[in-house]
Every structure is written in C-alpha cells, then in structure tokens.
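A short worksheet on the structure shown next.
The chains carry the letters A, B, C, D, E and F, assigned in the order they are written, with residues numbered from 1 in each.
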Amino acid sequence: MEYIILISGFLLVLIGLWGILSQKNLIKIILGFTVFNTGINIVMVTVGYVKGKTAPILDVISPEEALTSIVDPVPQALVLTAIVIGLGVTALMLVYALKLYQDKKTLDINNFKDLKW
Amino acid sequence: MFITLMLAWLLLNNSLQTEVIITGAIISLILPWLFCGKCEVFTYLRITPKALLYSVLFIFTFLTELIKANFDMAYRVLSPSLPINPGIVEVKTKLKSKIGRVILADSITLTPGTFTLDLKDDSMFIHWVDVKSTDLEKSTQLIVNKFEKYLEVMYG
Amino acid sequence: MANTLIFIAISITLLSLLISLYRFIAGPEKANRIIAFDVMSVSTIALIAFISVLNKRIIYLDVALIYGILGFIGVLIIARYIEKGL
Amino acid sequence: MFIAIAIILAIVSIAGAIMAIHHKKLSVAIIASGLVSLTASVMFLLLAAPDVALTEASIGSGLTTIIFFYALNKIRNNHD
Amino acid sequence: MIKKLLIVGLLTGLAFMFYGLLISYNGNETLTGLGSYYAQNGAREVGAANLVSAIVVTYRGLDTLGEVTILFLAAAIIGFVLKLKKDEVVEARPVRETSELLTSASQVIVPVIFLVGVYIFINGHLTPGGGFQGGAVIASGVLLMLLANPTMHISHNIVATIESISGIAFVAIGILGIVLAGGFLDNRLLPLGEFGTLLSAGAIPLIYIFIGLKVGAELSNIIGTISYNQNEKPN
Amino acid sequence: MSENNWNEIIGGFIAIGGSLFLVLGSIGLVRMPDAYNRIQAGTKASTLGTILSLTGIIFIVPDWFGKLLLLILFVLITNPVSSHVLARAAYYTKVPLTGITKVDKLKETLEVEESRKAHLKKVRIQKEEE
C-alpha cells in the first residue's frame, strides 16, 4: 500500500512541476504549485510510516507499549506546519497575481517584461 | 438554543465525565451570547404533548417517504427506457415560521421525485421528475400536504 | 465475518466513486461537474467511516465530520460563484 | 483491502491533477485541484496520520479553494 | 519548442532520481532515532495522549510561534497590498440575493460549526486536531455567515482585538514556563493531571485555545479582506 | 458472544445496502439527461446511502453512537440545502432543461414579473418626462 501512495506522491510532484514550468496563465502556475505541495506532503508522511502500526494517539494503547505500536510522529508534525504555511504562501501569491492583473489587465506571464533586459 | 448546543456537545464527546459537562455548559452559554441576533429561529418551537406526538409521527412519515423515494429512484435509474417526465410546478404553503419552511423544503427535497428549486413568499417552485398534474391545487395536495399537517402543529 | 461484509461495502463504494469520476471528467456544464463533486465528497464520508471501523479507532470519525463541513461549504461557494453572487 | 483503496485513490488524484493543469476553464481547474486535496486527505488517513488528514481536509482543500474562488471572482468582475 | 524539450528533459532526470529513491525504499519495520525517543518518553514527560500535538506545542514550541507569526505577516501583507488603490472608483456590482432557505438554514448550522471548532481545539491533546484546524473551522463558520448575507462586513476592530489579546497571552504563557518550569513554553506550569482526561497535559489546552483563537481571527481576516468587493461606494 | 455476532452481521448487511444506494446514485448521475434530474438522483441516493452506511456502523460498534448520530443529522440537514442552492444557481445561469420537459411554471412567473417591472419602469419614465 505504501508503495502505491509513494508512487502517486511522486507523480503528483512531477505533474505539478510540469504545470509550473509549461503553463502561461498565472493562476494555472499557482495551481501547479499547490499540486506540487500536496505531492511533497504525501511523500514526507509516507517516509514516516511504519508497517502495520497505528496512529500516534494513545487513547487505546498504554504508554508503555507505545514504542512497538505507533508510527513515527515527527514527520507528521513537520507536515502539519508545512500545510499551514502553504496556505499563507498561496494566499500571498494570489494577491500579487491580482495586483499584477489590476495593473496590466492580463494574466499571461509573457506580458510581464519589466525585469527583462 | 442552549439545549441544542449542549446536546450536540455531549454527542460529540461521547462521554459523561463531570469536567466534560462543565466545559460544555460554559461553551454553550458563551456561543448564544455571541450570536444573539440569531436566536429568532428557535423561538417558534412549541413544547406541548401534542407537538411532541406530532413530531414523532413526522419523523416516522419522513423516514418511510425517504426509503420509498430511493426505491422509486432506483426503479427509474435501472429501467432501460428511463421513464421520466420532468417539469417545474408551483405549490402553495401555509407555513410562516422560518424553521418550519426549512424543514418543509428539506423534506420535499428528499421525497419521491421532487425537489425545491426556489421559494418566493408563500409559493414554492418544485422540479418534479414525473409530473402528474400541472394544476396548482392538485399538486399542492399531492406534494405538500402530507408534511404540512404535522409541521403546522409543531411550528405554526 | 463483519470484516468481510465491510470489505464488500468498501468495494461497492469505491465503484460509485469511479462512476461519478466519469461524470466529473465528462460533464458538459460546470453544474454537472459540481454535482459529481458533491456526490463524491458525500460518499467519501461513508468511506472514512468504514476505514475507521477497520482500524477500530473512534478518533478517525472527527476527520469525517470536518470533511462533511468543508465539503458543504465548498459546494456552496462554487454555486454562489457560478450564479455571480459572491 | 487497503491496497484497492489506495489504487482507486491514486487514479482519482492523478486524473484530478492532470485536469487541474490542462483544462481550459479556470474554475474547473480549481475544482479539480480541490479534488486532489480531498483524496490526499484520505491517503493520509490510510497512512495512520489523522492529524495531517484533518489539517489537509480543513486548510488544504477548504480554505485554499475558497481563496482561489474569491480571487477569480475579482478577476472576472474587472473583466466584464 | 526548444523550451518544452528542455522541460521534458529536466522532468525525466527528476523522474530517474525519484525512481532511485523508490527502489531504495523498502518499508520501515521499527521506529528509529528521534521518533523512538518521543514514543518512549513523550507520554510521561508531557502527559498528552496525542503525541503529534505534544511535539508541535512543547518540543517544537518555537516553530509554532514562528508559524503563527508567518500567518500574521501574510494577513497583514494581504491587507496592505489590496488596500493600496483607494482613489479609483469602482461602481457597485449587483449582487444576486441569496435564497431564503440558505439564510434560514445557515442560522441553524453556524453555531454547530463553531461548536465543532471549539471542540477540536480544546480536545487537541486527546484527539486529532488542535489550534490550526480549529481555527480553520471557525474561519469557515465566519465564511458561511458571509455567504448567507453577502453585504455583511466583518468588523476589523473586534478581529484585531481578539488576535492581539490571544497572541500576547500565548507569549505570556511561554514566559511563565521559563519562570515556573523548565523552559520557554514548558507545559508543566500546571499540574499534569490524570492521563487521558480532558483537563490533563498541563498547559496544552490553554495554549491551544489561544492558538485557535488567533489562527481563526487571522484566517477570517484574510477572507474578509479578499472578499471585500468595493461595494461600499454606492453608485 | 453470539448475540454480538448477529449484531455485526445485521450491521454489515445494512452497510452493504447503503453502498448499493450510493452506486445507484452515481449510475443515475451518468444516465440522466439534464442537470436537474442528475441533482435529483444524486441528492436522494447519496443521502440515504450515507445514512444507511452509518447506521450499519452503529450496529457493528454500538459504543460510537454519539458521533455517528451527529454525522447522520449533519448530512441530513446540509445535503438538501446544498443541492437546493446548486439547483437555483443552475437555473438562474440558464443551464438548459432537457427537451422532454413538460411545464415550467417558474419561467412563466418570472416572465410575468419581468413584464410588470418593465411596465412600472415605463410608467415612471413617462411621469418624469411629464
């Protein structure tokens, strides 16, 4: 099971990267970024998975036997932080895209040439 | 309002320890105080023995109608010729209170072959899979009346 | 015994997910796709409940509750968007 | 059994990702990316991480989709 | 065209790297390193049943403080960028009125959604969830109110007050941890209590309440700013 | 122990029935001719399917009664509301009805209102001109 999820996580990363690099529309690029983000999160959680163990919440398990019956909690805590920060970054990118749209009346990335030399 | 929130809190926690109950009481006191403008929905509720009896009957009718609706839908979906005859009809309702209208519209949505498309004042526009009559009176009697007689007692 | 029955139920639910995925991909209008999205999110609630029975942990049901709330609000906001009322 | 669930979820999420990148209409693309997040949350549940599943379902799929739609609404208003 | 070929080449290289990773991954059998330390000692030292929230709040408390700060900065920058142009007059847009069914039903549903949000961040040390998820649920409740009544507009003063009070309280609990117990954000300034009940795990429920209020206020601030649709100027 | 077993078997069959309704709903989603009929099939079948599945789980694990009951109530309240809002949005953005639709009372009412509004506007303009 974890192999299939790992493969789908990698595929999501590749599709998201393809979207970021090949699309012209700004909103599409941000969408590619979110897909990329999701794929990376799936890969990180899969790395912390231990076969046949249960979630790191000790309501039916006594603390003494925790070592032999739970999965690794550290990657989960990291991914939790990453998702929340991903929301902040996405909102910021969207607002900048809106601002660019209000200035230039277009979303095509080929029209933003101000920094080109 | 307080009772509803407290009940939901107990169902959510699924336990009856004292500290859980105390915390739930504090929260369900604070939340209605924050939304005091919203209390109007619950004021129409009548608590009399007759209303309680009618609500039990209403739930019973509603469940049977729901199951009947699904077998009806299954028959329509599975038969190869797709026996549908759709249309939009208009019905009248006598209910005035808001929550009664919400419950009425929900139950119409979940009963055989009908769902609410729009509400204007006292007339509802209903999309009907199998139109039996386009007349206002007759369709009102067919669709609305079986629920309205209970809801009228419960919420007025 | 109960596990076998739940296996069968899970397989049927997965079949329904796939069939509504077809409507999601093929749907001619935006409204059709949103209906398919709604049906998929509601049937995923049932799927999460089955998974929590298989794992014998009650805490997984919280995820189903949040899933229901956010699916409802997502459908509402898309509907308000397409009727230009946002 | 979990393998079958994982296979179906992988199919759904990859179809959603391809639709999100390649569909011409922006709103359909955004709904498809919401679908990717929803399936990813069930995947986290399979990996015994209910905390992350909750976060992904509430923040990743819900609020991100909502913010995208508000932004799209503003663009459409200025457009016509 | 040459650009697309370049991209395809890059992605193929990346795919080969991932293939190598996939081959070398063959499922963990036991916990290793940091994870095993937390699994052995976490429950005894912190007293929380949910080890993930134990890590997020106590062992990595400073990270959480930084995360909350990042969200606050994002909300502030969004407000700043969107408020920049004031002089341009945008004509009021006709908003289609909501149906009566939605407004009535939302009055029933909104308090329940708030209750679920509160449940999630108070029980963060027993069940999955915590401040961030509860805050997101509360923000979605605010959003539902906004959807049912599009002309409503969120008062910035109340939101900003809630946000700053809970932020100050969060830092104050951290400093109290230095004074009364081992270090910054140490949760042992309150008694640990009985394992697995609602009022256990020291200060974790308290910290999560403040984080939840703060995150909820920030997210509703973001939503309120981004949905502010220049409706204020009539005609 | 045997009673417990019977509970589990009954619950399992109820859950299978619920998932069958889910499948019927999605088949209806594919087969129906227009958006409104699809909403009909989708809403009813998915609501009853989810409710039956959760009820089956109540039979299997009776300890989880509280949360499952809350989930059932939540699905029962929100699902019709969301489908109503969706149908209303589809109607006002003029998603076409299927060809075999018989009557459309709402369109007639809206047309009557439109003409009345136009008439009022004309009258007002005339008054202002005078």
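Miscellaneous remarks
What we mean here is this: a residue touches a chain if its C-beta (ideal position, glycine included) is under 8 Å from a C-beta of that chain, and two chains touch if they have at least 3 such contacts.
In this text, all values refer to a predicted model and were calculated from it rather than measured experimentally.
Chains that touch both subunit A and subunit D are the following: C, E. The most distant chain from subunit A is B, comparing centres defined as mean Cα coordinates. Averaging C-alpha coordinates per chain and comparing to subunit D, the farthest chain turns out to be B. Just to note, of B-E and B-F, the chains joined by more C-beta pairs in contact are B-F. Chain centres here are Cα means. That of subunit A falls 21 Å from that of subunit C.
If you average the Cα atoms of subunit D and of subunit F, the two centres end up 23 Å apart.
Between subunit E and subunit F the centroid-to-centroid distance comes to 32 Å (mean Cα coordinates, whole Å). Work out the mean CA point of subunit C and of subunit D, and you get 12 Å between them.
Multi-chain contact residues of subunit C, defined as those touching 2 or more other chains: 10, 17, 34, 55, 57-59, 62-63, 65-66, 69-70, 73, 76-77, 80, 82-86.
In subunit F, the positions touching at least two other chains are 25, 27, 39, 47, 63-64, 67, 70, 74, 77-78, 81, 83-85, 88, 92.
For subunit B, the set of residues that touch two or more other chains comprises 8, 12-14, 105, 116, 118.
Chain pairs that touch one another: A-C, A-D, A-E, B-E, B-F, C-D, C-E, C-F, D-E, E-F. Contacts from subunit C toward subunit E in the complex involve residues 59, 62-63, 65-66, 69-70, 73, 76-77, 80, 83-86. Subunit E contributes residues 99-101, 104-105, 107-108, 110-112, 114-116, 118-119, 122-123, 197-199 to its touches with subunit B in the complex.
For subunit C in complex with subunit F, the touching residues are 1-2, 4-6, 8-10, 12-13, 15-17, 19-20, 22-23, 29, 31-32, 34-36, 38-39, 42-43, 45-46, 49-50, 53, 58, 61-62, 64-65, 68-69, 72, 75-76, 79-80, 82-85. Of all residues in subunit F, those touching subunit E in their complex are 74, 77-78, 81, 84-85, 88, 92. Within the complex formed with subunit B, the subunit F residues making contact are 21, 24-25, 27-28, 31-34, 36-37, 39-41, 43-45, 47-48, 63-67, 69-70, 76-77, 80-81, 83-84, 87-88, 91, 97-98, 100-107, 109.
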